[in-house]
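Paired with chain B in one complex and with chain C in the other, chain A is shared by the two complexes that follow.
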Partner chain A sequence: MAINKQHAIDPDKCTACTICITACPVTAATRKFRGPKMTGPALTRLRKLVSDDDPMLDYCSNCKTCDLVCPSGVPISTLNMIAKNEYYKTHPRKSKADDMLAHSEKMGKLITALPLGSTFANLGMSVGKSFGVMGAMGIAQDAKMPSYASESFISKFKKIKQTPYPRKVVFFSGCYINYNQPEVGTDLVKVYQKNKIEVAIDENFVCCGSPMVSGGYIDDARVNASKNTALLKSWVDRGYDIVTACTSCGLMLKQEYQELFDFEGMAEYAAHMYDSIEYLAKLHDDGQFDTDFANDNTKYIYHAPCHLKVQAIGRPSMELLPMIPGIDIEEADVGCCGISGSYGFKADKHEIAMKVGSKLFNRIKNSHAKLGVCECGTCRLQMENGSGVKAIHPLTVLRQAYGL
Partner chain B sequence: MKKSDILIIGNGISGLFAACIAADMGKKVQILSYGAGTLTIGGGIIDVLGYDDQGKFIADPLKGMDGISANHPYAKTGAQTAKKALEAFLKITEEEGYPYLGSPDKNLWLPTAVGNFKPTCLVPRTMDTEALFKADNILVVGFDTMKDFYADMATKNLRERLSKNKNVEEFIVKLNFEYGRDLRDISAMDVARWLETDEGHRSFVDQVKGHVKANTAIVLPPVLGLEPNYKVLDSLKKELSCALIEVSSLPPAVTGTRLNKMLHSCAKKRGVQIIEKARVVGSEIIDGKCQAVITEGFDRQRKFYAEQFILATGGVYGGGIIAKIGAMSEPIFNIDIEVPKVQTDWSYKQLFADKKQIFAQYGVSVDENLTPVAADGSKPASNVKVVGRSLAGYDFCYEKSGNGVALITAYKAAAAFCGEA
Partner chain C sequence: MLKTTVVVIGGGATGVGILRDLSMRGVDAILVERDDLGYWTSSRFHGLLHSGGRYAVKDKEAAKECIQENTILRKIGRHCVEATESIFVRAPEDSEEFEQEWVKSCAECGISAVPISMDEAFKLEPNLSRKLLSAYRCPGAAVDGFRLLWQTVASANKYGGKAMTYKEVIGIETENGTVVGVKIRDRWTGAEEKISCDFVISASGSFAGEVAHLAGLSVNVKPSKGTLIAFNHRICNRVVHRLHKSSDADIFVPHGSITILGTSSIDSAPDDTSTETAEVMAMMEIGKITFENIYDYRILRVFAGTRPLYSADPNAKGRSASRGFVALDHAHDGINHFMSVCGGKFTTYRLMAEKVCDIVCEQLGVNAKCHTAEENLVDDPSPDLISRAKAVFPSYGAELASSRLGNEKLERVIKRIETQPEMKELVCECENVTLAEIEEVASEPTSHTVSDLRRRTRLGMGTCQGTFCAYRSVGAVNKENMPWAKDSVYLFKEFLETRWKGIRPVLWGNMLRDIELTRAIYDAALNLSGVEEIK
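On to the complex of A and B.
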């Protein structure tokens, strides 16, 4: 069914036109990266003949801007990720932080399971930073790391009393919302309830695998994909739609699984997958979106995450949020923020990430907006880190406008 | 995604320009794009019509359109529309702070990367080629480790082609970039980024200044910044007291990137909604009218409804036309394009023949309103217009009409859909 699937194994679809080079944010920031065309399709052809020895691979952040601009539908970034996975089977890792950042779910589970675990973990991070421990672990000294919540979203969700409705979705919260920003998850439930949607969760979902793929741990991601695919398919079989509020989880579950793996049911559940705001925009198209908003006279600046842009769904947040009376919202429209999930936290990538994001940071500062808006958790962190302006999820803007 | 007035498929130069024109006339416009369009690998200059069918130079492109062969896109638009379209483009470049030079009724001779000259019509101010012909001294500036521009070759050829009383010299700027196995080669884009920094600007001025004599024009590869403005050009001009002229060059294209950014900015300001990565796979046609086009990705099909549709998906290279052995077709409206069954009949043996290449002229046939016409003479959809590289009947490379056909047909389609002739 997935028409692009064939390209995942066919670098010859690349006509070497160089459009991706003109768009790649990492290429613009550093000459340590050869660029998407060479590292991706061009070298993939050679990799069919000889074993790979290209350390530049490590610099691809999997932001997917190359895929976005390619006129031939080549999944350039995924070719890079496959090659990175192979490369690290025979080469030492550049960064000690790779393992920890790729398996962030482990850490989240551990910390939120302990009483006062988040307090000590957050404290530990700031103490660790001042003693240079983070640096020794391969984490950039001045990168602002996500802090852990005292209670996971799953735990919070169980306490929410919902009104049952015939329209039902299962919410794949993902690690960031579950362990770092559970309030975004509760915002989703409140906003969806207001729109007469019942929200379910599944405690058996595991990390989507996005940080594993970009860290070169595709084999670990495969294990997770196998678990998630079976669960997601069973929800769809029971008549549920699937929503995500993290654009990287959404992209991984619906697209990258299909590019990388071959599990039964992936295309079937993908047909029922939606970004959380896209789902509401679809309700709006059907005349069923609740617009009972209070005034919001705040000035916002919206940043579209790269992983939203490649989903071919446009900018659903820029369709819905401007409907709030009094709102002043504009799109930043200056490209990647630089963080690319966990890329910007690594000691050897942090400077590149900040350089990539510098246009966005300046744009936010010059806009004099009170708040940034973005669907992606680590993009929000990067926006705050680079501009000093707090950033929130569009669901939070909607929840406030509903007066909930 | 409510229904739009005009839906444009493709965001290359023709799609973006059609969107700007239609949005200016008050229409609600949506663009579906799959990939960035080949604009960013092109030279960012507007060729309109440089040579006739016999290869004779045309001084006035508008006059050259008289008596052009009947299946050429210009035969459908006419010189009047061409003039309006190019003037509308010039107006946009003014508004966007990146004004182009030139006039629709006059061709310019622009230096190329090898030191030859090609006819073109509208160019950014970084390619003010008339300044080159006025100067007594030409200084060809190259960069020591940059790919794809050989100053010695350009110098030698310019010396041969320009009048004998011009003094043509060569100078190589040292970039002093780090170089090594763990660093990639240096392209024009890297040098353009360098010239945007204070350090690069200073270094360039310090190295070049001593070689600039009175009445000098500097000829250099396209490196004068990646943003659609003239900050780099104007500051260098001021400090060096001379003209600077970028040559047309190879991709990845600095000048094409600037034009792409400018058109995007223009479209966004006019409220044009762009949906990226939306691969259009088909259309829904009822009673000879297109109701919607259908996109397909990794999740599901979606329908996009509109009153009118503009097909601006490009040619074979841009993905708008599918070529197979002995067959060619436009995949969205399912239009077969008549081509010889024997592949060797598609081209002359010599790629750069002294006449228009056969394959280059393949594309979608249209009537005088740019409405597509199938091989059997039927019209699949009356509310569809085809623009730009998807069109049959021209060889942009031979006649130097690239981007001109795109702008002029895009203008005609958009204006017609907005009720203008």
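On to the complex of A and C.
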């Protein structure tokens, strides 16, 4: 099916100012990439005219830094993703990893469904690496892959006994939290309960589709978008707000769906969507945020994920976490970590990803912080991988400060 | 002193067509053009290779000529023609009876017009207005004016035909009532020289009256100006016509990376290529019937050309004057071996040349037949050359560059990149023009300005309209071995002024923002206007 949102493939807003090129982390890391202006709006015009080999498309990590800086509101990264989707309809894929990384939910389901599946999968990752299996698959040999949890968040959630409150949210956990770091999800429930919020989940939610879009599988993402949109709309109709604790899921559901697809109800539910910390910050604005914190004398360094920045919601974590008595937290503020979801796991992109992230890694090391803080799961992995400093979700910092 | 058999005045479609035809028949000929090839109407036009559909009801002869020439040019000029096909659409405001008459007429003229459902039409062209009622597919196409002229000249060159640019004919010399030569002046050096010849053909388009005047004659051309609006991207992938009695602003032509809407019809001076904002707005309102979201699309620029309409009756005006072409033999006016050719269409340029050359050859006693329909203008690049091009050009560059450069020049450009890989850097990012191509074209003797490079390469014709490629290209040509490119300030001004001329009437929205950026670079940073420092 064709992309039917006309405005999304319209290159007319670009004034060729080149600002996006100066901000793109991948362009800074490799001369092989011609950057957002060319790959996005400029070539969109030519793609309507001729077709050709276009190796440039794979370089864009969909970090969306370009969208953030563009003074003309060009959906640059979306133009890139649409072009990639169209391109691979007629050109063979270079890497076998694309499919696997784009459909991470399939993998997650498979692994957690097996008894001891996660143990074997995690073992398999390291054994596979040493035998070069991952390399043959197109996965970077020395990239640290996300490990799988032995029990999914959904299964853990069902065992939690919550106090019912009139303020209710539905939590879209997303694949990473569900299969890889369920403790972020359970931290959310604890922190929200402390703030008199009742948390619901919906087992029918499917992967938001973010990795599919980045991988150039927009048609697959469309199927997921259609399912999620209907479900999310029905929760909002029942008076629920929606929260996510993964900024890529949040961005996808709130903004990218609308750029790419045309389903009934998207704008309506999006008005009720919040990042998990943003939601608490809103509570704080209304004087309802619980600040009954214990001391935390740890030194932290906070990294704002690209997909949070582009949501234009400020830095809610840097509003709330400094309220914890004794805390020492600073923002890294040196741009992209390089991983961009699954980008940094690909064999031919790993080096670029590490180069992009090098500023952040040095910043973390030089800060002498004990822990990194970040809302995005794969960013946290990249921070640990590059700097050796462990990184946690801001919800975890709050949960600890509440003494829960 | 130069000597030849025939001098052709005017390097538009008509003139180059005649040059090629004569050369292929073995007649010695030189073409003299006052400006660059295609500087006037043959580039300031709509770029539509007519299927004939537009004329089917009103002028069956013209329609038949169009479909015949369309078929020939698709073959011999395949590197200049984008064989897009066309769609005729009827809107609620268009008459149904006309549709029926049109279908019948197309059949009579041998123009294929295949009715399609509106669903199919919207699938083919998603931006079409949902209010449209019926649609037909026809064999229209887009044709690149600059490219067709240069490739026609390249073909003439193979047979000894020569074209000189920036040479203005300032006198036509006769002896005993017969032409013996022309006097020309070099537009750059001012030097004058004579070309002696046996025959002069004036193919000077809207200027035919002025040129005839040089021989003391009068030719009654009524130039009629038409404005064209260029949009930043391909709104449609096929030519889209309104299915009604021909009128203003009823055709959209996808052209390379852009779309052109046209046109209008206003009596004008031959050199009037100005456009008023009000004219643009009036055309947009009509265009909206075909593409309902037209105001969302960014206008890149506007341009205008004048139709060289000939009329024997000095009082006939505008669109109703005959579109057919005339070949006036001035023997009737007392000067032998002097003809004026004007009118017609770009689409039928080859046929017009054939008819004119039949007359000329008869007078010169040459028996050779016309072969212009049988031979391609330029050879196709070999698969080997194409794969070499693919290896060195940036993405989306190889195919476009090969069709605009032609074989030999393509090979030279490829060599430049093969020996100096940095030559593949883009000077123009919007239209994907490499440094190698700019340097190659700049080194040709026909290049005198950056606008000349633009006409050969599409440099500066994309989204930014010269903002970034102006300083890059001026920098690239300002070299020892390019004597024409010494005065950078002149080069900047000439290039940017011609770009801005087309933008001023449509200076709003994103184009206004774009031009502010241009001003910041050229006026603020480079102080091109030469403002004194404020103490």
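For this structure, a couple of remarks:
Criterion: the second predicted complex is superposed on the first by the 396 of 404 C-alpha atoms of A that agree within 3 Å, B and C clash if a C-alpha of one lies under 4 Å from a C-alpha of the other, contacts with A are read in each partner's own complex, and residues count from 1 in each chain.
As a working rule, a residue touches a chain if its C-beta (ideal position, glycine included) is under 8 Å from a C-beta of that chain, and two chains touch if they have at least 3 such contacts.
What you see is a predicted model, and the numbers here were worked out from it, not measured in a lab.
In the superposition on chain A, contact is made by A:Ser72 with both chain B and chain C. By the touch criterion stated above, A:Asp12 is placed in contact with chain C alone, chain B being left untouched.
Using the contact criterion defined above for the overlaid structures, shared-chain residue A:Asp52 touches chain C, although it does not reach chain B.
Put chain B and chain C next to each other and count what each touches on chain A; the higher total goes to B. Of the two partner chains placed around the shared chain by superposition, chain B is the only one that A:Gln311 touches, whereas chain C remains out of contact. Once the two complexes are overlaid on the shared chain, A:Pro41 sits against chain C while remaining clear of chain B.
When the two structures are aligned on the shared chain, A:Thr22 is found in touch with chain B, with no touch to chain C. In the three-chain superposition model, chain A touches both chain B and chain C at residues 2, 4, 15, 17-18, 34, 38, 55-56, 72. For chain A in complex with chain C, the residues that touch the partner chain are 2, 4, 6-7, 10-18, 34, 37-38, 41-50, 52-56, 72.
The touching residues of chain B, when paired with chain A in their complex, are 1-2, 34-38, 40-41, 177-178, 182-184, 186-187, 189-190, 193, 251-253, 256-257, 268, 273-279, 281, 295-300, 314, 317-319. Residues 2-4, 15, 17-19, 21-23, 28, 31-35, 38, 55-56, 67-73, 254-255, 258, 267, 270-273, 281, 285, 309-315, 319, 331, 333 of chain A are the ones touching chain B in the complex.
By the touch criterion stated above, chain C contacts chain A in their complex at residues 126-127, 232-234, 237, 256-258, 293, 296-298, 390, 394-400, 426, 429-430, 432, 462-464, 467-468, 510, 513-514, 517.
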